[in-house]
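One structure below.
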């Protein structure tokens, strides 16, 4: 079995999710590569060591440049804050490494374009961790749409609602809180949460033409963990936008961290001429499906428990009725990435795909700033 | 328009529900009879008067015998405690009145048989108010089963759960509480709640052959409102039974007034070879339907919002998406009763139908007493 | 008992809903007035006659001016297309009639202002049939917000989704279809459906400051029933908008008649600092409530079955667990209107309240036309 | 780190679930032992070899006796059909191995007693894989009950519904189908599915006193995979029973493989004086909780999304809102088993605990056979 030696940079929430995926993929999927946990890299040597021990990484680095320079590393997996994605990616591409980068791709489209140029010039396999595409129910939605079951699409609506930053006492910046620090994150919910919604939307419903957004920062100042001072909050706490897709459909998108009662409620709905689909991250193993072609007397929304062997990815798991969870989306993504390098047909979203999402985010933020509709500067045309 | 002059005996919860039905049926259904609220009868003259004023009854009686003796009454509607059903029904039948009697038909099968004999001898139209048959979603269930969509039936399960008698301070007997008084009610949840479940079950799934029950009285003594003394509680607070239907299907039935969190949770589910059905009184406008013949990939329980014009009774009401409520089942029952006397094809459940339910109740109570399976003494064969 | 003689103009869907309310209110509510169905008015004499017979109206008119001129009419109830609201209301006000007008108030704010001026000059009781305020679950939401349970409000989102105009074969104009004819309706989903959402929102969450909308007409041409010709469709098939409320909260609103699978899915959600609320017209008897002050271990969205006697309006109906339906909102509105004239404290929404909704609709349509944020020209300040 | 060398017997569905648990536990839980996948044993050497390669087992055996005889094995994990549990367990106990045995413990109570005697005599840690106790929502239910939140318990009801054996073409016996073969399985749904329900029930609600059951075999004959002949089916396809617990509560239990539309619908509900709980395997990450002590106005069933760090086991996983799945219950069980051997306080269910479940199953089957109530022959008193 061929070995694929992973060098992981960062050991937080995503570092764990990815490590778990590398360790499990071979048990459940007939892939040709064995993922070897070669090295983990983090500035804090003790923490990196502890993480390596817990997960079985063979070595530790404290400087990502050294990791990239090692020739016993095939894949660089970037799980650090957004402001480091570009630099690391470009360096890794130059070093000829395959790159798996956490989302969002970059701080903005301009950074993203350089990253795409770098990986495409280096011809290295690359992928961004928009993992929700590979929740089986979401993949099933893609399949149903691909089969044309929905007919002409009229509406798309997506939300990603959380409630974890309502307290004004929460500081910004530092471990676990860099998402509140605009310098590390680039933006607030737009890059963190709406980016997921946009990635799925582009995948399911094609390109977005124009957007019109509003953002809000409810808590204007927070103590900064790194400086110890109360500083202006630079991120968007909430963002909602209207959009028009290339296919003529209308959309609403919304995200916030101030929606009391919702922990991670990512939902999307798509209404077509013949059928509609709804999905909800809080019950991620179900897909709601309505088909108008059903006989009128017994027509209704179907709650599909996506756990049968003929549904996406599910034959690799347990038996019908037994659900899998959030972490499995990462395992599926690794499985598909491996298959991609085995077949030469890259699994998405590639850096180029993720750049499209970035460009929508840019347009959204620009619209909020200008109070005006903005065209998305897509590369796709 | 022909007039049908109603004489209502009793003015409680059911008196209101029936009066509302008589008043509304002609506005929504093209029936040939006008229901005239001719007289209401109750022992307390002042209360009867007030009820008559509120509802538009033209006269008041305080003795049901006088009501029955009046020749300006066509229909006697019996809404008094169970221990009076037989006597009033039999007298009304002798007087040649049509009879609408609240459920359960009688205190027991033996009483019920006399009532059936009386109405059949008198050849008077008769019906028992098992109103749940005419919730549109339930009627739709009947239609789907009638069309053979479920195939061979394997399982039936029904529950009727309430929680209003958990407090030991609740007295037994008297206004609104006669259901706790075994002398007035005959039994507890068996006659009050399971009778509904059984009526629906016999209608949907045919005859029950044998039953095996357990009952419990959790609060052994309660103050009796009428005597003022603490007395032994004679009713069953809870009853559950196993059953076998003639068609070979197995069933579980359960009812209680000690299921915290459930106000009136009547549910039934029926599992057939090809399809299954589930219904729930707390969301009475929906029917859950699963059809195994649906394509595997998108198979799921359908939540049918029973509010379209092609679904039972709904063309008489509003527009799709707008739900009706509990009280409408009574209006439907009056509409069907009127249609029955217009066409000569009596609407069910007749006294004879309701006697079958009574005989199942008898077998259930006998089984609980004897701790043994009991055959149902059906008249149907 | 005092009599309130109703003159109804129009006999469609709303004519029935209102007639039912007048007939039932006295049976269930202790009001001081008896609603007398004095006259119904419609151009087609035969149909008006049939309607009068079905509902018990004592007389028929075919010219609304004659109805208004009669001195045996106390209340004029306007159930005709939107383009007639202003003329009839103003004439009825001049004739000193109380006025109940279907929603939306007018074709636009300018008409609406004249109507408000007319009823306020005439000092006649007036109300607009935004009935959803009086669905008990919605009234409960108002009560909870009024008690300050939600704390500072961050987000409001509302949708009203239907799917009945997807077919291109559906004509515009004529009986039952005037809602598709811009000359009769003024606008499409904005005035028909979003107006409901806006009325509720203003009531629950206060004034709206600015809006940013997009509209779409998916089917550009339809046969016009009245002219027989294929004509340009002038209404908005779909409309979505962003909004900012005076209280600093952000909102999204959306309505369409192209959302396959939804018949009349009006939903709203409001997220506050401490608690959140969600409601859905398809299960109108439930309110979803999340309270962050609940102990963390057992915190969750509560599904409140609004059928207990201590919940708004419910003590007038049946017993806990038994739901009421859509039509009851109209009965509640009549009961409150009667109480308003009995106490001198007018029940809302008055014409003035409804004008605020109209002004939001105007801003929405102007925004969609100009592709720019629009300030709402509220009278409230 | 201490090593615990696992010898797995059997490589089917459960073999995979357990192997996954051993591999993952150390990544997520701070345990003192490393689970080493030392050997897997199966009669078919090629299949065992493939399984070992896939999961990383270091060696392979084809005779379980040899596996037990090895002194490099600390734990014997038994994942073979029920008819082999006793023999292997007793041999393993004699060899001084720790034993983890798939459920149900044995073919019947008599076998089970010998197994308990063997492990207790050998003083080896032992556990049975009733994994559902460690679904976090179920563990939370246990915690809430343990804190006395429900008050006196009135009712318990459990169901385990499947639909995978409806086709008469399905053979009995052989790989994946031994559950239909009475010689391998001992019973049908009683030992396979109801045993889960009973284990949970005894854990949550204490001992069962008496039971009254009915069973049915809908398909009387099936082709036997091993003999190739059509043979009588010896298992119960469906089983329902009434029960009384020691604490005075009443219960209904039901299981079937003929409930169209349900793949693995294990549900239980428990109604107490103050509060009620409901859980459902198809949405295993949620617990429904109703607390009557909530203020009446906003009382309702709470849907608890069990994914917060203060809820059982969840701090070991991801972040609030992100659900885990079925397989995690096994990981939790291994974590608890390890903690048990570390602390000397054995994690349940031990063989002795599982024997109680077996004795209820025995009483259930005896009751169905005799058509009479049966006392449970519990060891607990």
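Remarks
When the chains are written out, they are named A, B, C and D in that same order, and each has its own residue count from 1.
As a convention for this text, a contact is a pair of C-beta atoms (placed from the backbone, for glycine too) under 8 Å apart; a residue touches a chain by one contact, two chains touch by 3 or more.
If you're wondering where the values come from, they're calculated on a predicted model, not measured in any experiment.
For the pair chain B and chain D, chains touching both partners: A, C.
The interface holding more C-beta pairs in contact, when A-C is weighed against A-B, is A-C.
Farthest from chain A in terms of Cα centroid separation is B.
Note: centroid distance chain B to chain C, computed from Cα atoms, is 36 Å. Taking the mean of the C-alpha atoms as each chain's centre, chain A and chain B sit 55 Å apart. Centre-to-centre separation of chain A and chain C, using mean CA positions: 42 Å. Among all residues of chain C, those that touch two or more other chains are 262, 286, 301, 305, 308. For chain B in complex with chain C, the touching residues are 13, 16-17, 19-20, 23-24, 26-27, 54-55, 162, 164, 262-265, 281-286, 305, 307-308, 317-328. Interface residues of chain A, counted against chain B in their complex, comprise 140, 143-144, 286-287, 289, 291, 294, 296-305, 308, 310-311. Residues of chain A that touch chain C in their complex: 150, 154-155, 157, 161, 163, 166, 212-214, 216, 218, 238, 240-242, 244, 248, 250, 252, 254, 256, 258-262, 271-276, 290, 292, 301, 371-373.
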